[in-house]
Amino acid sequence: MFELVLGNSGGNEKLVFLRGEIDIYSAPDFRENLFQAIGDCKEDIVLDCSELSYIDSMGLGIMVAALKRAKQNDSNVRIRNPKPNVKKLFKITGLDKVFIMEDSK
Amino acid sequence: MFELVLGNSGGNEKLVFLRGEIDIYSAPDFRENLFQAIGDCKEDIVLDCSELSYIDSMGLGIMVAALKRAKQNDSNVRIRNPKPNVKKLFKITGLDKVFIMEDSK
Amino acid sequence: MKPLDSVSVLVPAKAEYVSVVRLTASGIASRLGFDIDDIEDIKVSISEVISRMIDKRVSSGRIAIDFHLFSDSIRIDFRLSDSSPKDIFAGGADDLAFEIIRSLMDEVNLNTDNQALLSMVKKLERAV
Amino acid sequence: MKPLDSVSVLVPAKAEYVSVVRLTASGIASRLGFDIDDIEDIKVSISEVISRMIDKRVSSGRIAIDFHLFSDSIRIDFRLSDSSPKDIFAGGADDLAFEIIRSLMDEVNLNTDNQALLSMVKKLERAV
């Protein structure tokens, strides 16, 4: 029940769709696929969370690791359209100040 | 998570919408509301099951009791648009031969 | 045969907890790879057994449901916390609930020797 | 205070069963009348604890989760089938998981005396 799909945004950003639940079971999958997607790209990574129904500290930790990698490449990680429950976790952990949070809706 | 709603069908039938789950927890509610709806009416009772997500032997038993009451009034009980899982239970218990099964879709 | 894994749920013998067990069962069954139809069959069968236990006041205490996972099947055992009459399907083969369980599961055993009041099995990739 | 009812779930200390406990928890919490936000808080908190137990290999056996229902709250106790180190939140207050649990639940107690490794409480109609 977790999927990571690479998008084609056209602009100078790398679009990554997250779907389903990120927990201890799916975290290894998420980590591997995310870092493979990032590679050494210099563009911003956009994590589209509109279909992400669940995340916990493990998933957030992986996003933080991805952000560190991105900063090394002088790029950034942006969190797009998280559902209220996901947004809440960014908020209570203070990670909403660390990532660029985007609401296009 | 169970609701029984009386419909207004215009024709010579009494329309009863069932919504949610009928199990041992909601069965007393279902029994009471269904028999209240039936009363002494001479029209056929149509149980619209399109929104009924779950039923078990207890719910089926109540429908059989309602059918007996209806027959006393020279009317009938019709099961309309059951979901596949609900239809399956009518089938394996042979009750699809006892009730009038209707698929308007 | 020893199961690969086992999950146990212990609930009060009260009507309002039957849906909790259904939810747990669907989580376990979907993990094992059962399709939606099979998961529904398992949920209905479990509900029938527990409802009967509650309805016949077989238990005043708690009902234990053990899910034993095998590579190609799931076995579900029902245990009671107190000793009690074991004729929950008094109606026998004519019984509507028993008929449903027998149709939906691949095996149903009453009064098994492994302390279970009732034990039932559903196979993965069931040959229809 | 004695709970009105208790539900217990026993699962293998493996990642694939965390979602099963989440599903069970949401069923119990919705029965008690918690709203969607509170149910989500409970699910996340439970996942954090169990994941940490699995991740730190605190248990090689099974994890017992007891849901104790009160008229105005739910208490969730985590017990282990084997004795093991009890420092699952070694990072202490800085720890991300612990921070999340502390924010989402009304009470969190580590190493309580009622045999639980961790115990947490969520109140109904929480005053915000």
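Going in written order, the chains are labelled A, B, C and D, and every chain counts its residues from 1.
Note that in this section contacts are C-beta pairs under 8 Å (C-beta built on N, C-alpha and C of every residue); 3 or more make two chains touch, one makes a residue touch a chain.
To keep track of the chains, here are their UniProt names: A, B = Anti-sigma factor antagonist; C, D = Serine/threonine-protein kinase RsbW.
This structure is a prediction, so every number in the text was calculated from the model and none was measured.
Please flag the chain sitting at the greatest distance from subunit C, going by CA centroids.
A
Taking each chain's centre as the mean position of its Cα atoms, how many Å separate subunit A (Anti-sigma factor antagonist) from subunit B (Anti-sigma factor antagonist)?
48
With centres defined as the mean C-alpha position, give me the subunit B (Anti-sigma factor antagonist)-subunit C separation in Å.
Each chain reduced to its C-alpha mean, subunit B (Anti-sigma factor antagonist) and subunit C end up 26 Å apart.
Counting only Cα atoms for the centres, state how far subunit A (Anti-sigma factor antagonist) is from subunit C in Å.
Inter-chain centre distance comes to 41 Å.
Out of subunit C, which residues touch more than one other chain, so two or more?
16, 19
Quick check on subunit B (Anti-sigma factor antagonist): which residues sit in contact with 2+ other chains?
Within subunit B (Anti-sigma factor antagonist), no residue touches at least two other chains.
Among line, ring, star, complete and other, which best matches the way these chains touch?
Looks like a simple chain-to-chain line, open at both ends.
For each chain, which other chains does it touch, given as pairs?
Those chain pairs which touch are A-D, B-C, C-D.
Would you mind writing out the residues of subunit C in touch with subunit B (Anti-sigma factor antagonist) in their complex?
Residues of subunit C touching subunit B (Anti-sigma factor antagonist): 15-16, 18-19, 37, 40, 43-44, 47-48, 50-51, 54-55, 96-97, 99-100, 103-104.
Under the definition above, what is the set of subunit C residues touching subunit D in their complex?
Residue positions touching the partner: 5-12, 14, 16-17, 19-20, 22-24, 26-28, 31, 62.
Which residues of subunit A (Anti-sigma factor antagonist) touch subunit D in their complex?
Within the complex, subunit A (Anti-sigma factor antagonist) touches subunit D at residues 1, 21, 23-25, 54, 56-58, 60-61, 84-85, 88-89, 92-93.
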